[in-house]
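Below: a set of structures, written as structure tokens.
Each of the next two complexes has chain A plus one other chain: chain B in the first, chain C in the second.
Up next is the complex of A and B:
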């Protein structure tokens, strides 16, 4: 308990709105501002609205994927099947598009349903068969990869995205605001509602904190875990659908670049990797932070190898910066 | 002591855990070549005393003398080096390793920095022979041995450390009569060899057979030491009780005939922990579960609550057989069961979550419309509960872990009362909470019963069983050994039946033969 009183003491000297916020979320937002300031020293255009909106648009793909990841991490689990859930969503949606007008209409739901199917397998494995999530999700990722290689013959599929997918990813329903950003906002709002206002959300936090206590409180913990993995799979696939719309087509290993960033975004946003603690606002901050970091490193024209090193080191440093969360057990 | 110089003595040892004092100026002296038995109720301080001796916990005050010079142990390893070795209640063997590996695990013989397997095997064989278990192969895996053989390995492991003082804490509780006889032979031989043995058991007949010297503990103090055989069973029980009563229990209503049965169990069996348990709890009744700690009471409560897999027997609610497959089935409206679990910190609460979230956690399905929590109803029910139980908290949005133990326990109870349960199972709910809160809980329990709830109440505190219960079932080895009704519920009867002494304890000892 001494950790709690220490934090209480520091928090006591902060303004009220800061005191109520999670210190990790505040740190993440502070880092975003810092990155923008550093970037603006390099080039004035870093503070231009066009650049910021562009970054927000790029961030929304990661944002959609990280939303599902956050739900799973809140349970104290992890979903490593993200890379190929993304690719499956993208490829299956494009594949459906090749089957005439009806296929075009069903392309997006079909892609998402395929992702949910992967998530359900993960969920059954973790919740009912008690396989560690790290193993089962890695396994389903490999299976999904294999299935896609069989389907495409190892080449990038020739089917292209439907107009609807392109519109969702690149269009503008509201002038100046990319559709992808609106979609992320809607999904985010739904997740906030789910986590804060529903019994399911409470159960997720409860299980993440103390699965035994949640179970003994009469929560059907296995169902909650399974639904969370299904949602994660579905959102990963939806992220893939959007990415396919953005690039006009699906590609092999298009999801590989989203595994570490989605986990890092959630954790940088203050969600405990052990589960049970974290807010969606933090995940938003984490997603933006990671997107900005990637953008600034590429604008600085750092070679790829250097970018990877800096990127990894920054994530480690930031996690250290937050300090290990005080254990309340 | 016959003027013998004590090998080891403890003087004025005190130990507190938070506000609870476990030991208060306790004294003990142990002589070489004798078996010293320690007796006392649950929570009398025996376990803490041993932990202090074995270097597991450090005393707050007091001195320990070994061979007349003062010692203090920073760790169990330090105590081992001084020759004090303890065999704890729970087995400490690693199932996947061999017997020899386990015996030398803390200090394996080495050659060139690697474990010398030949020497290891020799040491293990010697130790097993000394423990009278040379029939156990040193290279057998521990997981392949039956429980009684493992206990022998445990003793061999202790002997391999060349102890001068050997402590056995309930070391025989898992053993059959023949194994116990074998171990007694070994212990007597060790006594001949000049070891000092400290023996803790709840089985009175074992103590009578084995001990030279007895010390009775009560409330963290040693209240009497006497040569074994110099006091009758009845006198020993008196010594173990000897506590003042305080009038903190609400009056029990008079009974008129049998209550309408709400919860019934018929021949419940589960692995070797529950043995044909049958019982009935009526509406408005508080039924206690008594007996020594760990005789199947907790498993019985979990069995009712749908937690145990592979349960045999029947559970009836309102006279109809029901199958309760999970806690969510148990709390369902038609059954309406609630369990106040054993450990509020890991089973009752999510400590980092807020008081509000914890309070409504078990009743979320009732507070929600289409899965969405109705915040107004939630707030109203929470306010009702905070008022009803007088929960003292700095606010509803602080972590529940910041509350005092008593208030945490109130939150656990409140979260279940929110569902208005008809059957309430309580698993030692007053452990580690202050007397004031205890009193409130007793009154609450009686209030719930008066409102028609059926209450099954397990407590390790005999006073509570006497003060609160209309009937008490005493469990021993997973079976109901005795039912005490109304005025029969006395401390004497409870202890006597908990120790499974037949008659009223005044007669000569009749061991039940384990």
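Up next is the complex of A and C:
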């Protein structure tokens, strides 16, 4: 594995276009091509533009959520509150929609703000109270779930999504390109800008590598960590808003299906789970890879059980291919 | 310092968890309509023991500075397996129990092998293996069902001499057979050392890999014992994603309540057991106070949030700000 670390070391000093030739990202894209080939054996329509755009649209929900997850993982933390941040975003947006025209206008911002609130609690816990992120995010996830159970009475809420939410998730502002894909592209571009062109992004990578050193070089590391968690919560909630628009209503456990895939997408894209290393291009590759995998498994009409097994095995195998830690000193 | 003060300092987390549990259980039984009777204790014990087994499993892994997010799924998988196998004549039942426990061991060993020899991060690796175990559980039980040897089930969930809950006795036996020998063995020390400082342990020639591997494997075994008991209580197997997930989450909560450090190297399974019992009792407090069960998830979440925030008080003792960033 020493050559991987060697490449990683050199990559830091290379120009951007060369740094993108991260072996992990290349492997992930190679796997995407492989999946497309396997899929085309099963069905002729697998390589048709309509199908691929449809896949991209489905991927964009995961893509938005994984963007926030990536920011947190780059810090060396993890956000396990994704499932109920997604559900809170969706449910609160739909709930606001029930309050007349003003509610409909504020539905999307309100959903996102609720997600940011969850993220801020996570951020305070991790950054200022120094609670391990795995624990505090699990706890806020449980609290968010509890709040939603009380609010909905344990049933799926009856409020439905606003037209604006449906338009964002299913409409076409540009012919043939789904709006959800455009949104993902915009958010992705913003994240790339944030990570590579701003002091905040540099601080994120610095903290992920060694928080102590980042602190000593004058970065307010606690504020950066808190903002990162807030962004992650907001993006999860926005993903939930889009999902609610897609399904035209919110559901109790709609976010459960996004925790594992979002972490897997980020990690399969070559971002180190220990933080400090990873590119957004890799996350894009990971998101598409996972969406295609899910799609192929359902095209093959594999039952849920088989899907879970294949899914877990693929993640472990791919990580064993390129996600291994260096051997003991 | 005297010996007993060392002991006290070492066991502070465990004793604190014991204290919380005793206090909570006193409130619980004092307000229970039936009062402090053998029946109430039996019901509470049966509910608490399930989480206690899973929490013990989590402790073993957390001590090595890892985390096992698949314990809940191993618990679910073994529950489904037991609903097929632990039935029939005495011999068949015995074989079934052995097969279920063996499955748990294998699941734990797979986790350990991937994390230690595959060198993957425990968080991601166990999330992925958890998906696999849940898939297997779903294969075994697409719909809830199955049955279990009811004689054995009743014996292990009933009372001994009409007084002591049998499940508590079983828990104590498991502690004596699994935890005590492990924690006192060379491998157990290696697991603690690996969690405390892997580099230092490696440099001192401690068998950290074997120690960690045994910890992960035994964690699988303990989760399987939990799954077996779930089958004894419910008489069925059910591959429920939400329940498996909840047990994983609660096991982490119990471990934190029980004074086991998530950074590894500190704490004991006894603490986690008391943490688990305390967590269950707190969750059930709502029922004795006649509140709407709808509030239970929120209540448990808030308790969890408060419990994990308590650790932050240690920050006030930090003199050097750099110690924030351990």
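Criterion: the second predicted complex is superposed on the first by the 303 of 329 C-alpha atoms of A that agree within 3 Å, B and C clash if a C-alpha of one lies under 4 Å from a C-alpha of the other, contacts with A are read in each partner's own complex, and residues count from 1 in each chain.
Here, a residue touches a chain if its C-beta (ideal position, glycine included) is under 8 Å from a C-beta of that chain, and two chains touch if they have at least 3 such contacts.
On a predicted model such as this, the values are computed, not experimentally measured, just so you know.
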Partner chain(s) touched by A:218 [first = chain B, second = chain C, both, neither]: first
Contacts of A:312 with chain B and chain C, given as first, second, both or neither: second
Chain B versus chain C as contact partner of A:320, first or second or both or neither: second
Partner chain in contact with A:304 - chain B first, chain C second, else both or neither: second
First, second, both or neither for A:109, with chain B first and chain C second: neither
Residues of chain A touched, compared between chain B and chain C (which is higher): C
Which of chain B and chain C A:253 touches, first, second, both or neither: second
Touched partner set for A:163, first chain B, second chain C, both or neither: neither
Overlap of chain C and chain B interfaces on chain A (superposed complexes): 1, 212, 215-216, 328-329
List of chain C residues in touch with chain A within their complex: 67, 114, 118-121, 123-125, 127-139, 142, 198-199, 202, 241-242, 245, 249, 252-253, 256, 262-263, 294-302, 304-305, 308-309, 311-312, 315, 321-322, 324-325
Chain A residues within the chain C interface of the complex: 1, 78, 125, 129-132, 134-136, 138-147, 149-150, 153-154, 211-212, 215-216, 221, 253, 256, 260, 263-264, 267, 273-274, 303-313, 315-316, 319-320, 323-329
Interface residues, chain A side, partner chain B - complex: 1, 4, 197-200, 202-203, 205-206, 209-210, 212-220, 276-277, 328-329
Partner chain A, residues of chain B touching it in the complex: 305, 307, 326-328, 330-331, 339, 341, 345-353, 357, 360-362, 364-365, 367-368, 371-373, 375, 399, 401-402, 415
